[in-house]
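A single structure is presented below for examination.
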Amino acid sequence: MATIPANTRLAAERTWTGRLAALVKAAREAPLAVVVILGGLILVAALADLIAPYDPTLPVKGAEIFAPPFWMEGGSLATPLGTDFQGRDILSRLIYGARVSLIVGLMGTLVAGGIGTALGIVSGYLGGWVDQIIMRVTDAWLALPAIVFAIFLAAMIGPSMWNIVVILGAVYWTRYARVIRGEVLSLRERDFVKLAEIAGASKLRVIKKHILPNVLNTATVLASLTVGVVIIAEASLSFLGVGVPPPQPAWGLMLSEARPTLMAGQWWLTVFPGACILLIVLATQLFGDWLRVRLDPQTRNL
Amino acid sequence: MSSPVLEVRALTKHFPVRRTLLGGPARLVKAVDGIDLAIGAGETLGLIGESGCGKTTTSKLILRQETPTSGTIRFEGRDIASLQGADLMAYRRAVQVVFQDPFSSLSPRMRVGDIIAEPLEIHTDLPHAAIEERVGRVLELVGLAPDVAPLFPHEFSGGQRQRIAIARALATDTRLIVLDEPVSALDVSVRAQIINQLEALQKKLGVSYLFIGHDLATVAHISHRIAVMYLGKIVETAQSDALCARPMHPYTQALFAAALPSHPDDRAPDKPITGEVPSALSLPSGCRFHPRCPSAMPVCSQTEPALRRREGGGEVACHLYP
Amino acid sequence: MARDAVLQVAGLQTHFFTFGGTRVVRAVDGVDFTLREGETLGLVGESGSGKTTTCLSIVGLLPRAARIVGGAVVFEGEDLTRKSQRELRRIRGRRIAVILQDPMASLNPLFTIFRQVAEPAFFHQRLRGRSLRERVQSLLRAVRIPSPEWRMREYPHQMSGGMRQRIVGAIALAGGPRLVIADEPTTNLDVTIQAQYLDLLKDIQRDTGVALIFVTHNLGIVAKMCDRVAVMYAGKIVEQAAVRELFDAPKHPYTRALLGSMPKLGSKEPLYSIRGQPPNLANLPPGCSFHPRCPDVMPRCMTEEPRDFRPGDGSVARCWLLGDVLARP
């Protein structure tokens, strides 16, 4: 009987260096603008301490309040994007704000995804009354207006960045639960799951070995699409004063603080943080879209 | 035949169907309605029938994915319904299944080696090296190189995947494999490979097969004995040769008439039976086959024929053979 | 051979272009055949042999990544490869009909049987009202749907698989086609239903003289249904012959192997098993594509692609073995 030789090209992808190469290759296939924006923001957030010219929470010594950007009359290169009502450097606040936005966006998504995926798997795989209870809770949760609910929770447990992460996770898990449950329902009928059960695998083992790995793709795509939503929610909460407490620099908070000056003509206080929020949300959404197509085996294989 | 490996007695599975929102009278789908089967060591029993005849439900009952409404399934003398704990695990180790679709039966996210090793991991505390060695051995048994273990299923063609599925079924000390249409989804040029492989493995390992299929020629080729099912009942059972030489039940004859020729000059059979399999919800009275039967008699719509000894060995349930 | 050729396919090449055209898959690579009125051609092959792509090329229903890059498809004297999608639409459904494997996918679950069967007659023959109803009923009767006047008010989900496939047949016949392409139409049917359906197709063909292309991997269906057979392997027709000729004296080793691997009723002889796996079209071996699996492989097969040989009995085979036979005095 002829034996089948291993496919060398595919085998190469299995070493660590091979995986790294595949990752680099994947990144190069992603839309360039998205990679640049996301990569840039992550870098900026990570190196904020090194690249921010000033402390974001303290007024710049010698700078005026409401100094305009450098290209305008009265602007100075020392504070290239101007200063705010306390004389703090806007560029520095934006740079540190990226850190807040990314941490809240990613961690909030992680919490939401973790809760939702776990509940979705349990609900879909176990079925029966467990499924009924989890899904009714999910429905009830979905019926609550997300932001109002988040404000309520924030008011209850008090504002801090990590509280916001937990709150947003608790608000946005429902989508995962629904989608993942649907996926699990169809996975449960696949023969490999039946085979595992017939071989005597415990429920825990089936979930760990067969269900979870097969829903991770979906969860990842969902996550990349949720990051933007969570970032906006964080900005909204901060804007409403129940988010990241001042003087910590968060983009939503910056918008909120700049509100009284919007009519007065100091547009740079609002436009720059607003543009940052737009940019990061757009980039994560585009990334999510690309990931969705890329991880779909049907579109990938031909 | 010495004592059979698997013995099925009066096995019945009825599914209740709720008809209306208000409940209404619950009707029953009699998917399996009192069947007897026996499979000896190293023997292949072919179970043949059209969709809805209950062959899949039968396999689910044997695999303990469903619990029977009544009747018993004995494996090596023990009623499997009563098995629990360690005994149940022993049963799970001894009875495996190979499904029809090799694309659905291998998890796309697991390596071939891990797929095959899964039953071993569940049932044994073997060290990693021993498991790896066992995986290599069963891969060789089914004609694959042991070094394919680290690959993923999508790197294999349908026939190779089916080999992997068979290797997995053999990983433990398997005594019975339920083969649920294992070649119908494969390309013609690899079907023969798989059938020959299954036959060779049986000779070598003495494992028993329950071969479920709808293609008469394939089932007859691989099976020692054949049971023909129609709407939850076994209508005829016999040694494969005897059944092919002289099918007696009109339904068996109809299956033979509908079988495709292997040469254009093969005598065109008489017109095959008309009509379609009726819904299992509203079974015909008397013999279930009588509305489609070309030789139906008045008695057929009144009394259900029982299985009786047939000429040439085996049994047949038909009023034509009192 | 007095009958007219309905369809002539000459040198058809259809390639798939993926990854922005960087990878070319020659799904169909030089296919020739002729189909006459009332004739049935069996197109036999495994998955990936190009039999389905050949059919889709004929009717112009190729997926986006695929393009016809060479050859001609002459239907009733017109080259279909030069037609616009608009012109093709008019030919499909009227003069060429297609029956696919899964009837549920071919029928719209939201419309009644009447509406779906009536559509071609409504648009192409502009029938209305009573005459339309009668036309639909006669079509349903032609495919042996019992009590069509009732059945046509039902929806696809209310019918059995065999009935649905016959409805699809009725839709195919509605335009009065001269060519019907049936792509594995019985794969999902039970054996007794399959036999009924095949007999029905045969009867319809006898009554209407329609030409039939039967795409299948099942040689039993070929033996039952077809007048001529074309065996495809890796995008090429490796053997083409009258059905008896092919079963009695197969010329190509692949055909021989396929015939040998068919289980025969009542025989316990070990089956002939073809070694290896079906070829990967994206990565074909050099020379004859079948050579890695061929029991009669010669050194020449590994480097040189065989041409068509005509041993004189009307069959055509692409194999160097025949070259040797024919070269001998």
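A, B and C are the chain letters, set down in written order, and residue numbers restart from 1 in every chain.
As a working rule, a contact is a pair of C-beta atoms (placed from the backbone, for glycine too) under 8 Å apart; a residue touches a chain by one contact, two chains touch by 3 or more.
Note that this is a predicted model, so its numbers are computed, not measured.
Enquirer: For subunit A and subunit C, which third chains touch each of them?
Expert: Touching subunit A as well as subunit C, we find B.
Enquirer: Which chain pair shares more contacting C-beta pairs: A-B, or B-C?
Expert: B-C
Enquirer: From the mean C-alpha coordinate of subunit A to that of subunit C, what's the distance rounded to whole Å?
Expert: 51
Enquirer: Could you work out how far the Cα centre of subunit A sits from that of subunit B, in whole Å?
Expert: The computed centroid separation for subunit A versus subunit B comes out at 50 Å.
Enquirer: Could you give the separation in Å between the centres of subunit B and subunit C, each centre being the mean of its C-alpha atoms?
Expert: Result: the chain centres lie 32 Å from each other.
Enquirer: For subunit A, what residues touch not just one other chain but two or more?
Expert: If we look for residues of subunit A contacting two or more partner chains, we find 1-2, 4.
Enquirer: Which subunit C residues touch at least two other chains?
Expert: Correct list: 275, 277.
Enquirer: Can you pull out the residues of subunit B that are in contact with at least two other chains?
Expert: Residues 160 of subunit B each touch two or more of the other chains.
Enquirer: Would you tell me which residues of subunit B are touching subunit C in their complex?
Expert: 50-51, 157-160, 187-193, 195-196, 199, 214-218, 220-221, 240-241, 244-245, 254-266, 271-274, 276-277
Enquirer: Quick one: which bits of subunit A touch subunit B in the complex? Just the residue numbers, please.
Expert: Those in contact with subunit B are residues 1-7, 10-11, 14, 190-192, 194-202, 205, 209-210, 213-214, 297, 301.
Enquirer: Please output the residues of subunit C touching subunit B within their complex, sorted ascending.
Expert: Listed in rising order, the residues are 46-47, 160-163, 190-196, 199, 217-221, 223-224, 243-244, 247, 257-258, 260-268, 270-275, 277-278, 293.
Enquirer: Which of the residues in subunit B end up touching subunit A in this complex?
Expert: So the residues of subunit B in touch with subunit A come to 63-65, 88-89, 92-93, 95-97, 99, 101, 104-110, 115, 118-119, 122-123, 143-145, 147-148, 150-152, 154-156, 160, 168.
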